[in-house]
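Next come two complexes built around subunit A: one with subunit B, the other with subunit C.
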Partner chain A sequence: MKRSLVMVLALAILAATSVSAPAQSKDTLTVALISIIDTLDPHMHFERVGILVNINMFDSLLHKNVKLEYEPSLATSWKALSDTVWEFKLRKGVRFHNGDTMTAEDVKYSFDRVTEPGKEKKRSPQYGNVRAIKEVRIVNPETIHIVTDKPFPLLLERLVFFPIVPKQHLERVGDQAFGESATVGTGPWKLLEYKRGHHIRLEAFDQHWRGKPAFKHLTIRGIPEVATQVAELKTGGVDIIRNVSADLVPDLKAHPQTSISSAPILRTHYVHLDMRTEPFNKKLVRQAANYAIDREAIVQKMMAGFGRVVPTVVHPAAFGYDASVTPYAYDPKKAKELLAQAGYPNGVDITLHSNFVEFRSVFEVITQMLTEVGIRTNARMWDPGPAWNKFNVGEGKATHGYYGSWGYYSVFDADAILHPLYHTEPGGWVGKWYVRVEGLDQLIDQARSTVDQAVRKRTYSQIQRLIKEEAPSIFLFHQFDTLGVSKRVEYQARGDEWLWLFDAKPKR
Partner chain B sequence: MTALLVRRVIRLLVVCLGVSLVTFSILHASGDPVSLVMPEAPEADRVVLRQALGLDDPLAIQFLRFFGNVATGNFGNSFFHRTPALSLVLERMPTTLTLTMLAMALALAVAVPVGIYSAVRRNSLVDHVATVAVFLGQSMPVFWTGIMLILLFAVQWRLLPVSGWESWSAVVLPAITLGTFSAPLLLRIVRSSMLEVVNLDYVRTARAKGVSEWMVILRHALKNAALPLVTVAGLQFGLLLGGAVITESVFAVPGVGRLIVSSIRQLDFPVVQAAVFFLAMIIVGVNFVVDMLYIYLNPQIRVR
Partner chain C sequence: MAVGTLPQESVGLAAAAPPARERSRAWKKLVRNPMALAGGVILLVVVGAALVAPWVAPHDPAKQSLIRRFSPPVWAAGGHSAHVLGTDQVGRDILSRIIHGARLSLLVGVSAVVVSLLLGVALGLLSGYVGGRVDTVIMTVVDVTLSFPQLLLALAFVAALGPSLVTIIVVLGLTGWERYARVVRAEVLALREKDFIEAARALGLGSTRTLVRHVLPNTFSSIIVLSTLQVAQAILQEAALSFLGVGSGRTYPTWGQMIALGRDFVTVAWWLPTFPGLAILMTVLAINLVGDRLRDALDPRIS
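What follows is the complex of A and B.
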């Protein structure tokens, strides 16, 4: 008994002497991510938590401002010379963190590092993003040409995250050291300390071409638990947390130290319907399902208003969006009529799947609304992870459909959702399993193979009218990104979910 | 003694083989990592990556290759970022072991004295309080304990940091959380095995000889009562490594547990295999130590 008393005393003393909640120094900004990536090499991973760090250490040719308009970054101007050749003028006198000056050689090297021309096996998981790039030519020290193998309308989008790395430095230190300790870019912050799985400390780079960021130090901490992140935010341990769910919003709004910043993002929700089998092989049933959902009520009641109804899956901010296509109205009576017309006067029993645990309650409401019009839905919730992935994507067994979302990979173009969701080519994503809409493949391909934006826009209008009528999915809404931000920091959430911390300022 | 050691080493090899086989089969049954590495890429690109990673060979070949590599200490590279799986695991191992051992020490520091006291002073106030505490401790999930401790000590009273692993103060809450998970069972074992021996003849004899009461308990009774405690503590060590997975997530501790969770999500075979392999080795090692302790504590085993 005595010994345990001693223990308790020792703990109490330890607790009393420890500095209470690490008081942050004024010039440090701390951000929480759910994990810390295992490499800082910007070309050798494909993870959001890695990209969010990389963008603050590296620059790409182009940048997007908070309104998501293109801005010059390492390229000062650009234009298309033909359908397949683009010209970029490079910024002069840009310094890498090690003092080297950026050259056209570095730019060419960065692209070759990912596309590895002539090589059978590609090392970079980002290769698929830029596989259309055939060659990068150095015209003169300030000009490069990017040559694509076919018209590649997404080129500029892809260049917003395509970090430029230093050729000489990389060849000297090697890939391994570059990803772990000798990471060098041209971005606003340079590497100070990298502890894999735990935290990354960065320091402002005083020769950065934009000037110095407002915070001298930037710390990124890996905190997997939402509850822990919230506790850190409230006690001043971190300044920014991501993906605050609707149920936490009121708490963080009311707390004296914290605020909420949100922005509409591309992540679009839908219920994908399996068109191979009964009953969703019938158009009328698919339409009935669309009439059954009160989207506005879900956004307001279940998502704290942090969402917006979309007419199809094409996002209002994506290129190709047609505002003249309107969302399905909430009309349960019409839904019942259509269901009866389709041959189900007594309703029908179906199963829907989902692995979208953050939106479990929304899934339940959707299944309830469907059940009310006679599409009696059995909801099956999956653990996100390998088993679900195999079931839904690998083998296409999610009959009669699933509730999910698609984030467009941050590409603001209709193609970024239409192709993976609806194109039926064998190597595609889920479209090949679940979708059977005549003529849709050809239209998607057509819009993909020209850089004439007017033609593309027309084709996408046609596609949106077609899919609204054919209803291969229950169209729902897109989501907002919701950040929890400390009151001592000024920062606005972005529509591309980036944490571009050069824009963060201390609040006086 | 030598024969015993040889038997143990053979058993260790069999366990290693078994553990790798099971991890390997479960992982390979659960899907295609390539579709997770490049979700949007066309099939042609995926075929290329599958070849590069050796995932297109028959499973048996893949397993033999894997086991051959392991024998030479090569676990391969992470699928997601070409980092050697072994270094990812090894650099996180000390953190997890520190956490686990602290939790174990904490659990023993509470369980042994309180357990003895409860047994000796049966039905006293301390005994009753301990019984209730054991029930509470066993029914609280690690996750919940962790969050509650954070809310009280870090958010409400501001005594300790919420999460992290930089300072000793940050280590306190995770260690208590994990210790709470294991202390109740240990306490019960100490109490019941003490109860068994305190009334045996040899203890009575010791008392009759006039040995002081506490001497009797600590020197004579405890040494015999310690046998089941050692066994259970050894087993608990394995459980604690499991509990560390959750504790590490709650407190953002950069240990092996968190690495395993995230690698399973991504089907990063080499990392999961390396991590599970090393954890299994540690558990086997702990069992070995337990066996040795047994021999020390109970000479009868040596004779047999």
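What follows is the complex of A and C.
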């Protein structure tokens, strides 16, 4: 009896509050992420929670400022020599965290380890991003040429997140250790401690070429529960949390210790439908699913307008967006008719998966809307982390589909979502598991291999019309990046969904 | 079968079950106790709600309304009379969900206890009656199982088997049987030496028959009391598992799941986790009250 009471109390207390961490020292900045990445090797994952850590430890050739304009980083200048050859001048005297000086060899090595010339099977899940790069040529110690097999319009965009790693160091310690303990870059912070699944501690790098960041210590904590993140932010245990639900925005705005910073970003939501199996191997069912969703209501009521409906998955801010393609209307009657036509007059039972815990309520609403037109949906929520990645992406098992989002690698171009989501080549991302649309691969390839922007735009229009008709996904909306920020820190949300913490400053 | 049923009177002491007079006295004792009565009434309400949920719930528990999200309880400012306990993050009626949630909670609670009761009583009888090596083996297993935190064991099972209603019931059943085994074994050890068992044996009754007809009924009062407490325990554990996200894995509402989902919004809508939490509290409390008083009533030493 006593024990049961204690358990009830424990549940109640868990629900009401959360354990708070001790207040932190002044020179430490703490960021909460929903999970901690499996590897710190910046080339061996495709996850936002990894990118956000990597960018603060590594530099790429180019950088974007808060207005999203290109800025020099490890490359000080660049120009196109022809349609397929670009020249980059490298910054001199840049140090890695271990003291080595960065050279053209390191730059070449970084690209080679992703594209792996001569090797059939690529290890890096980012291969699809830079597949067009045929060769990196060292002209002299301060100059490199990047040669692409065809004109590659996205080259500069792709170089903003393409971390340069130290060749000698990596060859000495090996890939495994590099991703776990011996991670070395040229970025503002260097690794102190990496505890998988729990936290990462970084320390300012004295010899960073930009100078020292305002915070000496940077801690990234993995906190998978939204309620805990919010409680930690209020009590000073963390300084920045991401993806604050619109429902909690007024609360955090009113709280004396916290503020909200928000910016529209590329992150686009969708439900990928598994086209390999019943019922979504039928086009009519996929269309029915699209007619079943009241996107506008979700954006207005659930997200308080912190988002916008998109017709397909192509974001209005991305190159190639075609405004003449309109979103699916909310038409449950039509959805039921299509479902009946497809051979399911009594509806059909499906399962949808997700690990998008910050948008759990939106997922619940989507599954209920589908259920109401007869696509009776069992919602399966996963914890974010390795198990989910293995299940969903590594093995493509999410029959009958999954609800997720894609942040474009912060690249403002239609290719940055169409290729990973819909291209079926082995180097692609989830497309190879779920998508079967005839002719789509060729169109995506065609659009990414010319620098003639007019041709590209036309091809993307064609693609958007095709995918709207074929409906390989339930198209939804894009979101805003809504950060909860402690009042002791000054930091603005960025339009590319980066947490570029070099810009973070203490307020008092 | 030369010897048929052993007539109870012929053994004199054969208290296969308390005599009718004694039983009615226990019942009266129970009913007269105000705490037990209160617990009984609450329990009746919960069971009743579970049985007729679709007819008494004011709304469909799955029906969402994006316009009526986070509607507070009716007595709070902005409350709506259609939703007495308010609505949740997707506009579902909380009262209706609690009423429907009673079904799963009770179903899991009772079924899990039945599983562990069958297993635990059988092994306990065997262990106590046969003794020797069998006893040693069974009791070692019991000790090992008891040394694991129950919830941790359940979590491991669910993680391995995948969440489903049947898994939860079986898992909670399999992590609760040791108590029955222990209690029953202890009773059997005491009973084994009693005169009426001797008498039954002397009359030529087989082991199975003696065990089932004469030993087992004498353990009933302990089993009943233990079961009430175990039901409460199982309900809590189901809630805890649902709360941890490894519950029945279905979209049907459960109290634990309501607390888990409501927790994210507790700062802006306190009623989301509070009412299902109260439902758990009241139910478990009621079962425990009845169970405690039942034990007192059945205990001949307390008058």
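By our rule, the second predicted complex is superposed on the first by the 287 of 508 C-alpha atoms of A that agree within 3 Å, B and C clash if a C-alpha of one lies under 4 Å from a C-alpha of the other, contacts with A are read in each partner's own complex, and residues count from 1 in each chain.
By our rule, a contact is a pair of C-beta atoms (placed from the backbone, for glycine too) under 8 Å apart; a residue touches a chain by one contact, two chains touch by 3 or more.
Remember, it's a predicted structure, so these values are computed and weren't measured experimentally.
Counting residues of subunit A touched by each partner, subunit B versus subunit C, the larger count belongs to B. Residue contacts after overlaying the shared chain place A:D247 against subunit C, while subunit B stays out of touching range. When the two complexes are overlaid on their common chain A, residue A:R360 makes contact with subunit C while staying clear of subunit B. Once chain A of one complex is fitted onto chain A of the other, the partner contacts of A:R137 are absent, as it touches neither subunit B nor subunit C. Once the two complexes are overlaid on the shared chain, A:E120 sits against subunit B while remaining clear of subunit C.
In the superposition on chain A, A:G128 makes contact with subunit B only, while subunit C stays out of contact range.
Contact with both subunit B and subunit C is seen for A:A227 once the two complexes are overlaid on the shared chain.
Of the two partner chains, neither subunit B nor subunit C is touched by A:K150.
By the document's definition of touching, of the two partners only subunit B reaches A:H198; subunit C does not.
Overlap of the subunit B and subunit C contact sets on subunit A: residues 1, 3-4, 7, 11, 14-16, 225, 227.
Those residues of subunit B that touch subunit A in the complex are listed here as 30-32, 35-46, 48-49, 51-52, 78, 80-83, 88, 91-92, 106, 109-110, 113-114, 117, 126, 147, 150-151, 153-155, 158-165, 167-169, 172, 176, 249-252, 254, 258-259, 261-262, 264-265, 267. The touching residues of subunit A, when paired with subunit B in their complex, are 1-4, 7, 11, 14-16, 18-22, 35-39, 41, 44-47, 120-123, 125, 127-128, 131, 175-176, 179-180, 195-198, 221-225, 227-228, 231-232, 234-235, 237, 384-387, 389-390, 393-394, 409, 420, 425-429. Against subunit C, the residues of subunit A that register as touching in their complex are 1, 3-5, 7-8, 11-12, 14-16, 225-227, 230, 245, 247-248, 250-251, 294, 297-298, 301-302, 360-361, 364-365, 367-368, 371, 377-381, 383. Taken in their complex, subunit C has these residues touching subunit A: 62, 64, 66-67, 69-70, 89-90, 229, 232-233, 236, 239-240, 243, 245, 249-251, 256, 259, 261-268, 273-274, 277, 280-281, 284-285, 288, 291-292.
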